[in-house]
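First chain written, first letter: the chains are A, B, C, D and E, and each begins at residue 1.
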Amino acid sequence: GDKFKVAWSIYVGWMPWDYGDSSGILKKWADKYGIEIELVQINDYVESINQYTAGGFDAAVMTNMDALTIPAASGVDSTALIVGDFSNGNDAVILKGKKELKDIKGQNINLVELSVSHYLLARALESIGLVEKDVKVVNTSDADMVAVYTTPSVTAVTTWNPLVSEILAMPKSYKVFDSSKIPGEIIDLLVVNTKTLKKSPKLAKALVGAWYEIMANMQGNGAKAIEARTSMGVASGTDLKGYDAQLASTKMFYKAADAVAFTNSAALKDTMAKVASFSFDHGLLGDGAPNAGFIGIESPAGVFGDKKNIKLRFDPTYMQMAADGKL
Amino acid sequence: MAVAQIEAKSLWKEYGDNTVLEQVNVQVEKGEFITIVGTSGCGKTTFLRMLLGVEQPSRGELLLDGKAFPAEPGDDRGVVFQRYSVFPHLTVLKNTLLSEEFHQSRLLGKLFGQKKEQAEERAKEMLESVGLSHVLGQYPHQLSGGMQQRLAIAQALIRKPKILLLDEPFGALDPGIRADMHDLILGLWNETGLTIFMITHDLREGFYLGTRLWVFDKIRLDPQCPHCFGSTITYDIDVGQTKGSLFQAIDHSLEDSRKFLVQ
Amino acid sequence: MAVAQIEAKSLWKEYGDNTVLEQVNVQVEKGEFITIVGTSGCGKTTFLRMLLGVEQPSRGELLLDGKAFPAEPGDDRGVVFQRYSVFPHLTVLKNTLLSEEFHQSRLLGKLFGQKKEQAEERAKEMLESVGLSHVLGQYPHQLSGGMQQRLAIAQALIRKPKILLLDEPFGALDPGIRADMHDLILGLWNETGLTIFMITHDLREGFYLGTRLWVFDKIRLDPQCPHCFGSTITYDIDVGQTKGSLFQAIDHSLEDSRKFLVQ
Amino acid sequence: MKRLLNQHPDTTQKIILGVLPFVVLLLIYLVASDARLVKNPDDKLLPSISDMGRAMEKLALQPSKRTGEYLFWQDTGASLTRLGLGVGISALIGLFFGILNGVIPYSRINLSPLITVISLIPPLALLPILFIVFGLGELSKIVLITFGITPFIIRDLQGKVLELPDEQLIKAQTLGASSWLVIVRVVLPQILPRLFEALRLSLGAAWLFLIAAEAIASTDGLGYRIFLVRRYLAMDIILPYVAWITFLAFLTDYILRSVSVRFFPWFHSTK
Amino acid sequence: MKRLLNQHPDTTQKIILGVLPFVVLLLIYLVASDARLVKNPDDKLLPSISDMGRAMEKLALQPSKRTGEYLFWQDTGASLTRLGLGVGISALIGLFFGILNGVIPYSRINLSPLITVISLIPPLALLPILFIVFGLGELSKIVLITFGITPFIIRDLQGKVLELPDEQLIKAQTLGASSWLVIVRVVLPQILPRLFEALRLSLGAAWLFLIAAEAIASTDGLGYRIFLVRRYLAMDIILPYVAWITFLAFLTDYILRSVSVRFFPWFHSTK
């Protein structure tokens, strides 16, 4: 049968893929549809998206914002096949020694520039009437965020889990804003190249089918679920307890129907409009982009931006099939 | 009239503005033993390198058996330099074997089995004649300077070149060892009858060894422009007919050039 | 009885199992010019290094003015090696100035102003006497080998050491230039009256220059164990009373050792 | 008193002096670690020796629950394989072009400027491109090492070939050698020990590129593990891993040197 | 026909041969870029030359909308400052310990083993510790460069001091020099040109560490920009930046060499 390559990187919402691979669930579904799926772990998240954009992979995991600014902005028509979860506290703004968000004014803030952390910060500032100019952003690699935070010169960071929990465990660290205040805006997706999807719907069916079987397996406190989550925890460098803590601040869509409902909502369209305008402001949509709507984003609630230049699509078709038990 | 083995016809050699040799005219017959003396930098090595084919004349002609000189080194002309003449990564025996291997194995440059044994036989004979049979398996760095030069000579002579070029081969050796080498080289020359060119700094050595002695020197000296004029052969002496006074005359003329250069 | 300037009393030098010198007994008066000959590796340089203070005797005593030899080099003993005797990064004048600067400026090793001018005056005089006044501003690499050695001598002599040690100082030079150097060194020795030790490979040179000639050689030779026995002074000749037959005898004895070593 | 530059320590002094700095460093670490741990027993920055021992025991002596492998040894094996392949390939390419460029003027003039320019490109800046061209598998890691050290090896060996005395090449020709025979019998055997030297000089860079590559795309390897646990500031794993890498670097250097001394006695005794 | 190793190209051939590989590479790029752009006009992987020109024009010739600075020149300035400081400090430390260890046996025996071990530690693996100890500012970047290249410089210079002929040190002592005077008048001036050589050899590594440091935490610099715009695959910025870094590396090397030739004529003509 056909061979497909899927890239993933270590993050709480994507660890199920690793479990799916090691437990054989993914292979089972691939066999069912007569295809082969190779799941490739990539340490560096951005690199995995770049590879997908360059054509090295048929699908990759990424956030809604990165899906817009990297593949879609590079002209690679992409479809969000699975809406796996949204961050519900997993991303946070943390201050050292200060307890209020308004204390952030004038500080240096260490974060991965142009990432969802940057977006979260922008939303946090917006919520108290500040703009980005009121702070100074220092680009900092996520791998070093924890180490960097221990130095006295670093007083404010915006980052994601597991870094958030590591940092909060240190004395005098206060979470002043997190993604639970903007629920549903930072979304973790599995994105597939639209052309590949059209040519091989089997790939979509196998991936979605596998995903919801994994979801079913990992939920709850049964021995099987514990084993699954332990495996995910260890693979991400922590243990069951650490992983469960991260899950707690992640709104997983364990049921396909929930994911479909989220995708169909008008809120998603609004979210993408906000993300597009943030991206445009930061030059992420490319030099040629005249406005935030330059790249069309299609969702069940309608199209945001240029209808003739749709490059990012939210398509609940296959998740619907899963919800209907038709896979 | 028979063609001379080597002939130079109004030969000039210049490096840019620096004229090294000018107007060299000379003929050499097969079997001569020519020793060359001259002050440092006068162009002796340059002349030898032309005979090797490493340098080409700027003007004039240099002929080998009546034909233009080959423009690169070949196995008809052997050479021994003052240093670096043997291969440091090969033992004495393998150094001597090398030219056989080059000839018989164009692909690997290595002989095996019977061919190798035969070649080794010949190499050992050659090493016997230069007195190195007792160190066959040693590397050059384990040998004294004199032994290294003997090895270089054995290596150069084993394929019986027509011409042997020696550039101060004994310059770095002790006077005592030098005398041994003289005996050796004269013996080999008598046996094989090849043509030898040998550069030396020691006028006495030149007179003792050669059948013919050349002095390279500048005829014209310009203190304002030491490199404007080149050297040529100022003395060309059949060494059979040497007189004491001639020795003195050469020694003085060299002395003058030397003084001139040192200032 | 006056104390000898230098005295060796049953001096031995060993490197591990290798006995280099054995049982050297000798006295040297101020103002002597001692030339040292011997086969390669017989320990001449080792002896000189002991006089320098770089090596210490393994057994026996070496005395300077009746006291134990200093264990490191000092400015009472000048030295000229065959190579590397001048500093490549300093011009001729600065090379010669160096010892003055060392003495007058312990902190920076640099002189300025009037002191510098005075020191330069003296250095120039010294360079005049070795015939280098015309190249004051040049670097050693711009000089010929002979000029470099003249510079080394000037450099060594300017602070008037009591003893001058020369290790084959002219070994790398042309025979012609060598003769000049002989005149130079004899002239300087006559003027200053210092004690000179000079190693040479050339027996003739040894006889010509010295007032006293030493031959280092092994008395006992064991073919099974060439390093078991060391050299000592086998001839100690007052050169005034030289006979032709002695020269021959020495030459032959050296020849024998050499042959022995080469095998 | 002799001048300082003439004073040589005796054997006992040598050992004491050589070991001293390490002992001092260790003491400083122990004191600093202790001080931090007293203030905050959960401090991860300077773990105690026993913490490190426990962490390493888990990785090196207990099979991983997930895969049943001994992670530490798996990491070591994966990294050494990549390093070996990368360095090996670089050695071959370096040897080939080094000799070619050194011996054949046409080749040298054709390729030297390009190699010089390539050697100036910082490979880390090109990482994204490398990954896109060579994919994310083992290949790209080996390519990064190769890309990082080969230009240096080529230039070094080319220089070493050019340093061979001209006399040797001339002599070989007077003995009847063709260009090819000069290469195989005169140049190659004399350049091999220099290749070993060049490799020893490049090993540091090779480790660097290996770690950088493993940090970006990998599922095992010493560099991967360090980057994985960096997020949790697990210094109890990072420090022993760094020490282990340092030891491996020392070991490879030692092995390369020993092999060279063993096979090229003539090279090491003339130096 | 002469043997290949005896054939030398003439001047015209030299120029053509030298330039050829670059022309070929450029052509390959143009063709590949064109092919991708035909398939997907928004492709960012292999941008056209004019795209790169436009991107660079914006960075180099137009002030940034956000800060009003000319980003390209700001990046260049920041990176060169860090590089200069890092390399300069390494040079001073290297010179100090190189000479000390080379001249004074006690110091060499005391410090050499430690420096050897430090030189084997891969600095990238130690990054977290560096950040914690030296903070996140400019200091840590400079320290990374220093930590990365100083051990090499020390070892190289120490070796070079030991290679100075023993005769020179003895001669200086017979002229009345103390240990200190041997250092300032004999060793130091002869080691300076070698320091320049060592620096030229370390520049590649210095750039590497600079880029790595800027990638981890920074607000400007060439390495920062490359890693930042990687976030949206802006190869139209990355490629010119890499070319620019390569050019700067070439330039610094050239300057170091010229300065050395200018100030140490005796060194360059004896070689």
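Things to note:
By our rule, contacts are C-beta pairs under 8 Å (C-beta built on N, C-alpha and C of every residue); 3 or more make two chains touch, one makes a residue touch a chain.
Being a predicted model, the structure only gives us computed values, none of them experimental.
Counting hops only between chains that touch, chain A reaches chain C in a minimum of 2.
The interface carrying the most C-beta pairs in contact is the one between chains D-E. Chain centres here are Cα averages; for chain C and chain E they lie 47 Å apart. Each chain gets one centre point, the mean of its Cα atoms, and the points for chain A and chain E are 38 Å apart.
Multi-chain contact residues of chain A, defined as those touching 2 or more other chains: 50, 54, 143-144, 147, 150. The set of chain D residues that touch two or more partner chains comprises 3, 6, 45, 128, 132, 173, 178, 215, 230, 233. Those residues of chain C in touch with two or more other chains are numbered 72.
Chains that are in contact with each other form these pairs: A-D, A-E, B-C, B-D, B-E, C-D, C-E, D-E.
By the touch criterion given at the top, residues 39-40, 134, 144, 146-147, 174-177, 201-203, 251, 254-255, 258, 261-263 of chain B touch chain C in their complex. Per the touch definition, chain E reaches chain B in the complex via residues 2-3, 6.
Residues 40, 42, 45, 64-67, 127-128, 131-132, 135-136, 214-219, 224, 227-234 of chain D are the ones touching chain A in the complex.
Put simply, chain B touches chain E in their complex at residues 71-72.
Of all the residues in chain C, the ones that touch chain E in their complex are 52, 54, 72-75, 77-79, 81, 83-85, 87-90, 98-99, 101-103, 106, 108-110, 139-142, 155-156, 159, 161.
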